[in-house]
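Each of the next two complexes has chain A plus one other chain: chain B in the first, chain C in the second.
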Partner chain A sequence: MKMAEQFNIKTHVLVPVHKKISNEEKEELFKKYNISFKQLPKILSNDSALEGLEVVSGDVVQIIRKSIDLGEVPYYRVVVNGKRI
Partner chain B sequence: MLPEYLKIELNKTIKSSKLNDVQKKEIEKRIETTYDDSLLIPGEAIGIITAESFGEPSTQMTLNTFHFAGVAEMNVTVGLPRLIEIFDARKQPSTPKMELTLKSKYSKTIEQVREVAIRIKETKIGEVVNEIQMNLPKYRIELSLSRNVLRDLNLKTSDVVEALKKTFKNYEVKEDRWTIYVISKTKEIDLTDIYKLKEKVKNLHIQGLKGITQVLPIKTDEGYVVHCAGSNLKDAIELEEVESSTIKTNNLFEIADVLGIEAARVAIIKEAHGVISDQGLNINIRHIMLLADVMTRQGSLKGVTRTGITGEKESVLAKASFETPIKHLVAASLTGEVDELNSVIENVILNQPVPLGTGLPRLVVKVKK
Partner chain C sequence: MVEKFVHKKVKSIVFGMLSPEVIKKMACAKIITPELYDKEGYPVDGGLMDIRLGVIDPGLRCKTCGGKLKECIGHFGYLDFARPIVHVKFIDVILKCLRATCKDCGKLLVDEKKLAKQDEERTVVENERDVNVLRKQVHVFVTGLKSIKKCPHCEAKQLSIKMEKPTTFLENEKRLSPIEVRTRLERISNEDCVVLGLNSQYARPEWGILTILPVPPVTIRPSITLESGERSEDDLTHKLGDIVRINQRLFENLNVGAPEIIVEDLWDLLQYHVTTYIDNSVPQVPPARHRSGQALKTLSERIKSKEGRFRYNLTGKRVNYAARTVISPDSKIELNEVGVPLRVAMEITIPETVSEWNVKRLKKFVESGPKNYPGSNYVVRPDGKKKKITDETQEQLLEELQPGYVVERHLMDGDIVIFNRQPSLHRMSMMAHKVRILPGKSFRLNPSVCNPYNADFDGDEMNLHVPQTVEAMSEAEILMQVQTQIISPKDGLNVIGCHTDSVTGLYLLTTRMEFTKDEAVQILDQIGVYKVERFSKFGEIVKGREIFSAVLPDDFNFVGEDKQKRKVIVNNGVLVEGIVDNAIVGQEKGELIRALCAKYGLDLGIKLLGQLFRLGIEAISRHGFTTSISDTDLPGEVGSKCKEIIYNAERRVSQLIEQYNENQLVSMPGLSEEETMELKIREVLDRARTKIGEVVSSIASEENPTIIMVVSGAKGNILNLAQMAACVGQQSLRGRRIEIGYKDRTLSSFAKKDLMPHARGFIKGGYKDGMDPKSYFMHAMTGRDSLMDTALRTPKSGYLYRRLSSALQDVKLEYDSTVRDGKGNIIQFIYGEDGLDVSKTESGKINVKRIVEEFLEEIKNVA
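Now for the complex of A and B:
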C-alpha cells in the first residue's frame, strides 16, 4: 500500500497549537497565578505534539485550546521527563 | 471582569441592536454581574459536584450495545459500560473502532472506494488458502491458494510468496501455480515443529492494517467514510488515500501515543460527551472537561482507578479510602510514609475541618524576632 509523506500530526483536528514560552513569560505566569512548577499540569518531553519545539525538562509550554464559549484559551503545562503510558 | 472574547461578542451584539446608550450600559453591567456570579469561588468542591452530576444520569443509562446499522457483526459498546471504559482509561476498548475519511481523489466511484477499503482490512494467509497441508516426509507444508478469494482481495500469488519469504528466512519458499511450498532447510524437524510452522504461516499478515478486522464504507455529505472494526491509528495516519487530519478512533491510548496528551484530552471530552448525549442525557460539558483535565494532568493518561489518579495522591489515607485499603496501609507502614493531612478525605477520617470552602484559608502568623 502506498504511504503518504510523513504526516504532520500538528495538522490533525484534535491537536491544539503548542508553543514554548520564554523565561520572562514563565516568570510572569508564575507571578500572575502565584504558583510554582509543581502546581502546573505536566507534559512529557517526548510527547508527539512537542516534536520540533526543542523543549527540555523544566520548560513551560503554552497550549492554545479551543474553548466552547471563550474562543481561544491559553493553558500551560510544564515539561517533564518520563515514560509514555 | 468579562474575558476578552465575551467582550468582543457582546460589543458585536450591542452594536447591531437599536438601543440607546443608557440601555447599552445597563445591559453591559448586568451581563458582567451575571458572569461574575457564575464564576467558581476558591475552595468550591468542584470534584464532588462533578461526581454527583455524572452519578445520577448514569443510573438511567441502558446496558445494551448498539448494533451497527446494516452489518450484523459490527457492534459498538455504548452507554454505561463505555463510559466506565473511558474513565478507567482501559488500554484497549472492548470494541475498538476507527473512522477514516477518504480523500475525494480516491473516492470517485464505489468500486474505487471498495478497493481502498479492502486494502485497509487486515488479511492473513489463513484467509486466502483453501487448506494447509503438513507434509512431514518432505519436511514442508503445502498451501493451496484460493483463486476466488485472491481475486476479490486484489492479491497475486507473488504477494503471498513475498510475504512468506520476508518472514521465514530459514525456510525455502517455492511456488507452483496455485500451490506454495514452505520447505525446511534442515532435516531435523519433527511434527511439533511443522505444526508450529503451520500455525505461524496461517497468521502471517499479508495486506492491510494490523488489527482491522472489518471495514464498512459509508457515504456521507463529506464523501466516503470507512468505518473500521479495530483500531490502528499509527499506521492509518500514514495512508495516502485517507484524510489524515480527520481520522477518528475510540482508542484513547493510541491518541495519547500518536497525537499527544492534549489531543487525548480533547478525545476524552468528545467520546464521553458523545456517549452521554447519545443516551439522551445531558451533563454539562464542563464536568467532563474537569475530569479530562485531571486524567491528563500527569502527562500520560491516568484512569479514575487505584492505579491511576487515586494512586498519584500523596496522602496514604486518601489512597486507602478508595480501594484495597489494607494493601495501601501495609505498604505505607513498611516504608514509613508520612501523611501531611493536606487534603479532604484524610481530615474527614480524623474528624477535623476539611480544607474546602471556609475551611480553606489558614492563619499565617509572622512572629517578630
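Now for the complex of A and C:
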C-alpha cells in the first residue's frame, strides 16, 4: 500500500497512456478490421494500467504507444475478466 | 479406375471418444479367433486378417466393398471384451470424474448454488477467452471437488480415490474393478458432463472404459512376405493377436466358472495387452517386445514424436528431383549461380511441353537420349503415360513427338534451382540459383554466399531442388534468387559481401598497388569487366584505385566511412578519396554494396558485387600475401615495455592481496571483500592486456601482413596479435579466474591460497614464446570448457528455435496492414508497430534528411 502512495505507475515514462474508447469507436474499430472482440488482443481487468479507468470486461482500451518513426501508434486491447485464475 | 468414394468438403473436425455403439456400427466383422490363416494360407473368417477388413494381397477381393488391392481402403472390425478394460489414455479423465461425483448417486459433489455460480463463470470464460483458459478454469473447479467428504445430495460419505499407475483405481486402499468404475461413470448425467468439461454427445465418461475394441483394417497393418515365402506380420497384428487370445481364454474360464484368482490374473493380463497395444511406452509398464527383444511399435508410437506420422511423414515428406553432395568453392562463377556436376544434371530433369515452336529443339534432346548430354530421360504422352527413353523406344517416341507431349530434359545452364543447407534457420538458407554445369562431383558455389547459408568447405553437404513447373520456376526466380536476399530482413544490412582475402585484396589495391596498362586490362578481363570504355582512359601506369573505379558505374556517387572512420568518397564512378575495406564492401557492413543495390537494383548490384569480390581475389594473388611467425616479432624495447606493464600489474595485484589480507579493502556495493578483490584483480589484469595491445599496435608497421588483415577488417583484431606477440592474458572459467583444482590451489605446483596472477591462470608470455606446463594446463582448461559449452548449447538452442517457429508459423501480415495469427486474431495493428520493412531501411532507421536532399537534387536537375 505504501508503495502505491509513493509510486504511481501511470506516470512512468515507460507506461503508455491507456484510455477507454466509446461504444461508437468500438463499433468502428470492429468494422475497420472486420473482427469480433474475441480477435482483439486482451488485457486483464485487474491490470495496474487500468486502475481508475472504470472498465468492465468487454470494454476496449486504446493504448497510445510512442514510436520513433510514426510518433504515436494506437493499439487496442479488449478488457477481459481477470479476477479468477 | 472408377472412383467409388464420395467427395466432400471438411467443414469442421471433432475429437471425441468412440462409444461402443459407434464401434459396433462402423465394424464390418466380429473378430473371434486369434488364428490368421488356414492351412492353404487363406485368411480365416473371424480372424485378424479377415478379408472383410480389407485386402492386402493382390488378386483377392474385399468381402465388404468388393474392391481389389489399392481400391479398398479397408474396414474396421470389432472385438467383444469378456470384461471391461481401462483405456490408458483416459485414466486422468476417469479419475477426475470419479473424484468429482458421488459414489452412490453419481451427482456432482456440489449444491445447486455453487453449480449455478460455476455455470455462470464458465459461460463468461467461454465467451470471452479461448479454449485453453476454459480448460484451465474447468480443471481448477473439478479438482476442487475431490476434497469434499459428503455428498450434498444423498449425504453419502465419500472415500478418497487414488490412482495406482498405470491403470488401477483404489478407493481407501481397496481396488475398484473396471466394472465398478464403469457403473459409477454411467450414473453421471449428461448435464454434469458439461460441468466436468465433457461434451456427452462425443465423449461420455464411461466410454473411457472399453467393453468393445475396434480392430483396425488390415490395410493399416499390412503383413510383409519375406523372400523365403514366410509371412511377417505387422506389430499391431501381433499385439491384436495377443489381445484376442487372452480374451478367448478369459471367456472360456468365465464360462466354466473358474476360480476368481485365475479370472483376475487373465483380466490383468488382458489389461496389460490392451495398454501396450495403445501405448507401448507407458511408464511402469514393461514394453511388449518382439522375440528378438525389440520393443513393438504400437498405436501411440506410430503417431508420436520425431519418428511419428506427423513429424516424419506429414511435415517432412521425401521429394523427387533433388540432389545432395559435398560443396566446394568456385569464385569464378557468379554469386547467383551454382555449379552442378554433370552426372547430377543427367539424372535430374525438367519437363518441357512440346509446342510448335520448340519441337525442333526438344526433338534433339530425345534424339540424344539419356546417355548423351544434353539429352532427356522420359517422354510423357498427353494421356499421362510416362515413357522411358531407351534404345528400343527412342525411335518410336521421336516419331510420335508432337505438340502436347512433354519431354523431361536434362538440367542445363541457366535453369532455376533451389539450393539449401540445413539447418534452414532463416529464409536465406534456401535461395534460388542458376545452374552452371561443371565437371567433377561436388556442387560449386561462390564463397561470397557462404555467409547466408552458414556453409564452409570442410565437408559440408547441400541440397538442390529443381522446380518442375513454370509457375514454380518463375516464383523461385522472382522471390528467392540470391540477389533478392542480399539485404537481410533482420537488420537491413547486406548478408552477402566480400570477406577475408577479397577484403585484404581490395585494401591492398586501393592503398598501394600499381600496374602497367596491359596488366590492368588483364585484371579487368579476369573479373568479367569487358567494356572498352572502362579502360580507355588508363595511362601507362594504372593505380589500383583506378581499376577499382573502372568496375563502378559512371554515374555512381557515394560517401561513406571506412573502418577507421575516415571518409570514402566516390564521385561519378571514380574513387576520389579513401580506402576500401571491410566497412565498405564487407558482409553485414558494406555500405557501398547497399548503396549500389539501392541505386542500380539487385540484379546489377549482385553482378557488381561479384566483380568486386573477384577483383579483390585477383589483386591479392598478384600482390602476394602471406603471414609468418616473424610478423609477431617485437623490437627489444617494446618487449621490455610489455614486461614492465605485466610487472606493474603483478605488483598492483599483490598490493590488492595484501590489502585484502589486512582487511583494508573496502568492499564494493553488493560484493564481499573477497569478491571485491577478485573483481579488482581482474580489472588490473585486463587493463594490462589492453595496454599491451596498444603498445603492440603502436609499433606495428603498415607493411606487416597480420596488421594489414586487422586494419582492413579481413580477419582478426589487434588483441589476437598481442596474444601471439606478447601476452596471452587471463584464462577465465565461467567468468572468473581459475579457482578449481586442488584444495585451496589450482595446481600442486603452487602454495595454498596463492592468489597471484600466475597461480590463477594468468599467462604472461605470448603464444609465440610458448607456455610452461602450468600455463598450458590452464589454457587447456578454458579451451575444453568452451568446447563443451558449444557442444551443449547447439541442441538446446535448436529445440528453442523449433518451439519458437512452431508458435509463430501461421503469423502473417494481412492486406489491412495488421499482423494476425492463424485464427485471425490480431497481434499487431501495424507491422512491427511502426510499419517499417526493415530491409528497406538504413539499418532500421529512415534517413529523412537524405531523402529530402536527393529529392531536391532531382527537382533541380529537372528544372
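One rule holds for everything that comes next: the second predicted complex is superposed on the first by the 76 of 85 C-alpha atoms of A that agree within 3 Å, B and C clash if a C-alpha of one lies under 4 Å from a C-alpha of the other, contacts with A are read in each partner's own complex, and residues count from 1 in each chain.
We take it that a contact is a pair of C-beta atoms (placed from the backbone, for glycine too) under 8 Å apart; a residue touches a chain by one contact, two chains touch by 3 or more.
Just so you know, these numbers come straight off a predicted model, no measurement behind them.
Partner contacting the larger number of chain A residues, of chain B and chain C: B.
Once the two complexes are laid over each other on the shared chain, residue contacts for A:33 go to chain C alone; chain B is not touched.
Using the contact criterion defined above for the overlaid structures, shared-chain residue A:82 touches chain B, although it does not reach chain C. Residue contacts after overlaying the shared chain place A:63 against chain B, while chain C stays out of touching range. In the overlay built on the shared chain, the residue A:16 is in contact with chain B alone; chain C does not reach it. Contacts of A:52 after superposition: neither chain B nor chain C is touched. Judged by the touch definition given at the top, the superposed model places A:7 against chain B, while chain C stays out of reach. By the touch criterion defined above, A:41 lies against chain B and chain C together after alignment on the C-alpha atoms of chain A. When both complexes are overlaid on chain A, the residue A:74 reaches chain C alone and has no touch with chain B. Residues 41-42, 65, 68-70, 80, 84-85 of chain A lie at the contact with chain B in one complex and at the contact with chain C in the other. Contacts from chain C toward chain A in the complex involve residues 121, 124-125, 128-130, 133, 136-137, 140, 816, 818, 820, 823-830, 833-836, 845-846. Those residues of chain A that touch chain B in the complex are listed here as 1-4, 6-7, 9, 11-16, 18, 41-44, 47-50, 63, 65, 68-72, 77, 80, 82-85. Those residues of chain B lying in contact with chain A across their complex are 3-6, 91, 119, 207-208, 237-241, 244-247, 253, 255-263, 266-267, 285, 293, 296-301.
The part of chain A that touches chain C in the complex is made up of residues 32-35, 38-42, 57-58, 65, 67-70, 73-76, 80-81, 84-85.
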